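Below, subunit A partners subunit B and then partners subunit C, in two separate complexes.
Right after this comes the complex of A and B.
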């Protein structure tokens, strides 16, 4: 995945090998997925395989730590393992939590956008369905049931609106900080005259909307 | 003035601190809903009048006649009147929805912070439906977590050290923790696994000590 290693940096090939090895470990991948999810205003694709692997790894690490404690291995070693374990678990929890919070917030929007809906995991879909149910019930009890019949929808302002005009949506034009691991060349932003040169390892603040495809294909990371 | 009360409702929301709930404003809320019903009433009668005038217009058209100037004026007036009531209704609806929806958002964020039971002083600020919403939503979260077999309500801040120092605030007695059993007596200072301690911290049984 590190094709950038070829252009102009051949002198550091051992360094690059090491870095590319590190950057493909699950721990690093999980960290990237978590960072991207945290920074993106929109929900991203659920990293099903990665999460599955991470959970298995966590289980394995828990067993190892348990074994170490039983066998009376040096407490310092054990606590280092424990720390590593805690960090991985935190990343996993925070990743899932961030996603749930986005689902909570934009559930109606996600529901009616097939592309977003398909990014959820099976369990998240079920959670989203329950969220919708709860929210609809609450809105209905508090407000909508008391309004005249043509104003009862929670998606439209009234029955004369042609499309859903009352659904909160994430703001995709917010600026995000992003970094690419390799040179992406001149990149044309939507609303600007000049293309932006995206260099490897430089930080850019760009509107999320314009780099969305790059984030989704994993070419660029959010920070 | 139409829509004034609705905007007061939203202003109340905007002036409260983020993440804080004030008591559900039942009075004002009911008044805005009443206003909506009033608008509907006016709207209905205006629409009936418009329809009557339109009928007259059609009949006159058949006889090759036009509406008289005063009738035309009246039709125009009724049309704009109906529009105003319709728009006021929409605005009120938006205000009401914004009020309920934003409060629900705060309530949800509380769900992450305090788990399943709301403290009394918060609970009394909620409306009946809001209490129910909190309960339902907490149950939804819970069922997601149990499906995944992972508690997401702990580990809210990145871990620095696997152990933390806490002070016990309430007498609980002996509790079995993951690596030891501890006597949770009041004012005891313990050095525990962070994962064990966190659930007690969120229930305000422990307080975190910084050294």
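Right after this comes the complex of A and C.
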């Protein structure tokens, strides 16, 4: 999901750079980010730069459409620009909304896992904090405050639990369907499996856990 | 709070898949003049009467609905090509290569550009037949997952819509097998002596099934 391929992880060849240069517009990247976010069980890194650029493009396009309307440009042209704009806005909204849903669902888990917490944007962190506050208050008022003192935690079943066993977590062993743009070669699923050959443009159903690093470095896309 | 069940719900809705398919390029022949469009998703045009140009499907459909162009159906949508695909699809066990969004694109064109597709009835019924044969194959393919231990599945040439439809079942089935094969699970099952003789299947047969 890197735009400048230089900062991507190793394994990118010059041909891939060339390919990504000619084929990846921000619209394309946003679409991929949306698809990955929708299909991944876990929250992914917030695509800050991409979202920022998309927002600016949307704003710019809104101004352009407004200008067109004022200048009496052919309504057909205006409506086509508007459609393009609507499509981008839909992607952006759906991307953000998918993330909010995941945050809401796994908020306690995200809060206590630094790696995940750092994947959120500033606004998302604020949302998560409010979400936590509300959830704690709600659980406390409706149930926990009425229970004996060793059962009052919203993270543990009882004070004898060693771990936080009441925190919903995404299941990383969920299978996902993914596709790679390039041949990735033999890929070790996990230590008890034989390697799987990942060919370009073929679909595979694989456990999310085993391809997680590839998703995070943008080498494989979820579909 | 969060239940596991909804994690397995279809990831994309049919409408969302159609949305994705609408970004695929297709050739149109405009019947009007229009300056190039510099859209967020790319630059298209200029549009000149009778001069073919490539645009995304959504743009083609928008122009078509206003009577501003004719759409040139893609090569794979000809009776000749589809007949070949259908025959090959029936003969071979493997899936024939078709565009990733063939279901959605053909549907969009049937809905909005009927008069631009030669032999539309033929084309339509061929695509329906191909879809049926493929879905039947998917069904029989799924039986293989249940007969043999499978950990990773290669879904060669499966289209977006097909993958999305089998997703809930396939991902769940594979996940269950994966879990059952976890080392502690196997120890447990091996200690039960009167189990079905499954040892034959536990060998190193990890090659992927082409589906």
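Operating definition for what follows: the second predicted complex is superposed on the first by the 198 of 223 C-alpha atoms of A that agree within 3 Å, B and C clash if a C-alpha of one lies under 4 Å from a C-alpha of the other, contacts with A are read in each partner's own complex, and residues count from 1 in each chain.
Just so it is clear, a residue touches a chain if its C-beta (ideal position, glycine included) is under 8 Å from a C-beta of that chain, and two chains touch if they have at least 3 such contacts.
Remember, predicted model here, so these are calculated numbers, not experimental data.
Student: Considering only the touch criterion stated at the top, classify A:202 as touching first (subunit B), second (subunit C), both, or neither.
Tutor: second
Student: Output check: A:105 vs subunit B and subunit C. Expected answer is one of first, second, both, neither. What do you get?
Tutor: both
Student: Once the shared chain is lined up, is A:39 touching subunit B (first), subunit C (second), both, or neither of them?
Tutor: A:39 contacts subunit C only, not subunit B.
Student: Check whether A:49 is in contact with subunit B, with subunit C, with both or with neither, and answer first, second, both or neither.
Tutor: neither
Student: Considering only touches as defined above, state whether A:27 meets subunit B (first), subunit C (second), both or neither.
Tutor: So A:27 only meets subunit C here.
Student: Of the partners subunit B and subunit C, which touch A:157 in the superposed model: first, second, both, neither?
Tutor: In the superposition, A:157 touches subunit B alone.
Student: Tell me which partner A:83 touches in the superposition: subunit B (first), subunit C (second), both or neither.
Tutor: Both: A:83 reaches subunit B and subunit C.
Student: Who does A:137 touch here: subunit B (first), subunit C (second), both, or neither?
Tutor: Touch partner of A:137: subunit B, not subunit C.
Student: Looking at the overlay, what does A:96 touch: subunit B (first), subunit C (second), both, or neither?
Tutor: first
Student: Which residues form the common part of the subunit A surface touched by subunit B and by subunit C?
Tutor: The answer is residues 79, 83, 87, 90, 105, 168 of subunit A.
Student: Which residues of subunit B touch subunit A in the complex?
Tutor: On the subunit B side, the touching residues are 33, 36-37, 40, 86, 89-90, 93-94, 96-97, 100-101, 104-105, 108, 112, 127, 129-130, 132-133, 136-137, 140-141, 143-144, 147-148, 150-152, 154-155, 158-159, 161-163, 179, 194-195.
Student: Touching residues of subunit A toward subunit C in the complex: what are they?
Tutor: Listed in rising order, the residues are 25-28, 31, 35, 38-39, 41, 57-58, 61, 74, 76-77, 79-81, 83-85, 87-88, 90, 105-106, 168, 170-171, 173-177, 189, 192-194, 196-197, 202-207, 223.
Student: List the residues on subunit C that touch subunit A in their complex, please.
Tutor: Interface residues on subunit C, with respect to subunit A: 1-2, 4, 7-8, 11-12, 19-20, 22-23, 34-35, 37, 39-42, 58-59, 62-63, 66, 68, 151-158, 160, 163, 167, 170-172, 174-175, 178-179, 181, 183, 204, 206-208.
Student: Which bits of subunit A are touching subunit B when the two form their complex?
Tutor: Touching subunit B: residues 55, 69, 79, 82-83, 86-87, 89-90, 92-94, 96-97, 100-101, 104-105, 123-124, 126-127, 130-131, 133-135, 137-139, 141-143, 146-148, 151, 154, 157-158, 166, 168 of subunit A.
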